[in-house]
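One chain, chain A, appears in both complexes that follow, with chain B as partner in the first and chain C in the second.
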Partner chain A sequence: MILGDLLGTPVRDADGGRLGRVADVRFVLDGTPRQLMSEARVLGLVVSPHSAASFLGYERINLAQPWPLANLLRWRHRGSYLVLWEDIAMVGKDAVRLRPGFTRYSASLEDGGRQRAGDGK
Partner chain B sequence: MKRLLGVALGILTAIGGFVDIGDLVTNAVVGSRFGLSLVWVVAVGVVGICLFANMSGRVAAASGRATFEVIRERLGPRAGLANLSASFLINLMTVTAEIGGVALALQLASSVHYLLWIPVAAVAVWLVIWRVKFSIMENVTGLLGLTLIVFAVALFLLKPDWGVLAGQALAPAVPDGETVPTYWYYAIALFGAAMTPYEVFFFSSGAVEEGWTVKDLVQSRLNVLVGFPLGGLLSVAIAGCAAVVLLPAGIAVTSLSQVILPVAEGAGKLGLAFVLVGVVAATFGAALETTLSSGYTLAQFFGWSWGKFRRPVQAARFHLAMIICLLVGLAVLATGVDPVLVTEYSVVFSAIALPLTYLPILIVSNDPQYMGQHVNGRAVNVLGMAYLVIILVASLAAIPLMIVTGAGS
Partner chain C sequence: MTSPDLVPLPPVAGRILDAQLHLLDRQVLDTDGVPVTTVDDLELSGPALGEEIPVGTPAPVLDALLTGPVLGTRIFGGRPPSSRLIRIPWKDVADVGVVVRLGVRGGPLDAGWVERWVRDKIIARIPGGRHDPR
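Then we have the complex of A and B:
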């Protein structure tokens, strides 16, 4: 699977209802330390109901300037959330299907993305 | 003392380096058709390029990343590649125009046909890029380009009616015989000529070449904030000369000889000698900058090692890319296409592509993870957002206006 192909794929819930599209894939660095950095592990997918375009960095909530741009991009991605990899039932070519009763985590990153995995509930 | 010299040298280089074939041709065309009624666009463009260069220079000094490294990181591979393709093609067009400009200027100096000068110009550009140190290359072409001040001298010697010129500049109106869409088409062309994207690729990559740190920011800001506006005054002098000599005679500029005609009339043979040196230096300097920019953008996007501070063997792909670009430019010019026409299109396409590089720089210059404490201040952001709107409007309006006006004819 090529990660780039996953971006923009429609996301559906267990009943086939449309939730949005994959806007981003979130990784955490908590694996075995290597020469440069730890191994990256997929934490989950960011689902955005209105736009599959990039957040351009504004998923980090400490980034608020210039405010017209920050607000515009946040508005484009209003209602977006993070779904953990465990909550994903199937990654298909045309759609990503989630398990029943999946949890919506906040998609925003605090402290420039340096917090621990799963903090933003 | 040494520091003062460094500042003076930087400013002089910025003045001489501001004008290229796009500024020469577009200002003369606009002067000969619209008088000084579009001078306000030069002012808007100069403030814009100061702002853009200030932000990209600060990003380069604070993060050590040049423009296309930032674009690749922030936009990702797909949107980044679309961005690269557009910016690169327009830059290639500018390379072609600049080399054509060098050849046309050499033709005026020697009476040898410009097509024969084109291979000479291209080889000279390649040799300088291959062999000459970055700082020497910058300073020599910048200082020689200062001889273009002869446009301002000629304007005084022509003894124009200053009241009429001031009236055109301060109360802009569309002259008789020109339409409103044509006026705005040339406004965008002039804006694109002043705010050419390559200037910023070159400026930020040059900052990395010269190993700037945040300590060098004061000097770089001074170079830009003093040098570019003075360069803008040179642009106005070019338009002024055309407005005084060519507009009343009903000559609309279509060739480089017409661009320098008012200097010959106002300042005689000596003036002509100066202006020829200036045009060759300005176009040659810009040919170096645009060729390097094509190498910079490609290498920064694809992650090749780049820079003149490395020996060519250590940045082989960077140098090979530039050789190929020069050959492509040569091939285009060999078809006999008019370099002045290529220039007129290149400035408009520059304006069209400007948002692609401006937006990522504006965003990253606000990102504390790249910039630390050197993020944009409030005033810069207000101005930055205002220019984002101007740049977007100019970019979106350019193609419709080009179609409506038949590219300004």
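Then we have the complex of A and C:
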């Protein structure tokens, strides 16, 4: 499937309740090693309850500057969380449905955030 | 940054890439550093649309970077049909950083056909267009 079709799709829980939209798709490079890089496996979806897409990713990193922009975008994407592939029950054309009792993981890119915070010091 | 009620992500073995943040709209350079194209979209190996995903199904993998005539659809919405998109297989990607770097030369890739066509059909017919400027 084409990833662009998945971005912005509404996400619903097992009972059909609205949770948000797919803001991003997270990959992890731990698949079968190829000649140059490992295969990129889908780790999960970043779900944003208040916005249809993510912009610049301030809600996932610790970067706080420029202050007005960082705060505005962090507020816009507040409450974003990561849902792992194991918790996805169905990917449809109009909605992504999650399994009952899915776990909301932090969408933070901690390593990236620490690196950037260190760069600024 | 994140709500305290969220569960921290368990450690994973490989590098993490977010499609929007690290891949989409990045410039693609070939192994010599020559610009090839930009990443307009990505192709996944699954899942099938509208079908239940059984518990324990292996996660889909990233098959290819897609590029193509997306200017019109970016403005007016939608996307070009899948057959019009040009694929750069993920196995050809050597590194993902500020730009996406390929491990192959860009010349023979389908992604550069517009540039090749312009070079061969238009630039080559301009007097002096067949050799390097001196």
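The criterion applied here is as follows: the second predicted complex is superposed on the first by the 107 of 121 C-alpha atoms of A that agree within 3 Å, B and C clash if a C-alpha of one lies under 4 Å from a C-alpha of the other, contacts with A are read in each partner's own complex, and residues count from 1 in each chain.
We adopt the following convention: contacts are C-beta pairs under 8 Å (C-beta built on N, C-alpha and C of every residue); 3 or more make two chains touch, one makes a residue touch a chain.
Because the structure is predicted, anything quoted here is derived from the model rather than measured.
Chemist: What is the contact status of A:71 with respect to chain B (first) and chain C (second): first, second, both, or neither?
Modeler: Neither partner.
Chemist: Which partner chains sit in contact with A:57 here, chain B, chain C, both or neither? Use first/second/both/neither.
Modeler: Touch status of A:57: both partners.
Chemist: Taking the superposition on A as described, I'd like to know which of chain B and chain C A:31 touches: first, second, both or neither.
Modeler: The second partner, chain C, only.
Chemist: On the A-aligned overlay, A:103 touches which partner chain: chain B = first, chain C = second, or both, or neither?
Modeler: second
Chemist: Per the overlay, which chain contacts more chain A residues, chain B or chain C?
Modeler: Touched residues of chain A are more numerous for C.
Chemist: Scan A:3 for contacts with chain B and chain C and give back first, second, both or neither.
Modeler: The second partner, chain C, only.
Chemist: With the two structures laid over each other on chain A, which partner does A:88 touch: chain B (first), chain C (second), both, or neither?
Modeler: In the superposition, A:88 touches chain C alone.
Chemist: Would you check which partner chain A:40 touches, where first means chain B only, second means chain C only, and both and neither mean what they say?
Modeler: A:40 sits against chain C, while chain B stays out of touch.
Chemist: Output the chain A positions appearing in both contact lists, the one against chain B and the one against chain C.
Modeler: 4, 54, 57, 60, 62
Chemist: Along chain A, where are the residues that touch chain B in the complex?
Modeler: 4, 54, 56-57, 60, 62-63, 65-66, 68-69, 112
Chemist: Write out the stretch or stretches of chain B touching chain A in their complex.
Modeler: 74-79, 362-364, 366-369, 375-376, 381-382, 384-385, 388
Chemist: Name, in rising order, each residue of chain A that touches chain C in their complex.
Modeler: 1-5, 7, 23-31, 34-43, 46, 53-54, 57, 59-62, 74, 79-82, 85-86, 88-93, 99, 103-109, 111, 113
Chemist: Within their complex, state which residues of chain C touch chain A.
Modeler: 1-3, 5-9, 12-21, 41-44, 46-53, 55, 59-62, 66, 79, 82, 85, 90-96, 103
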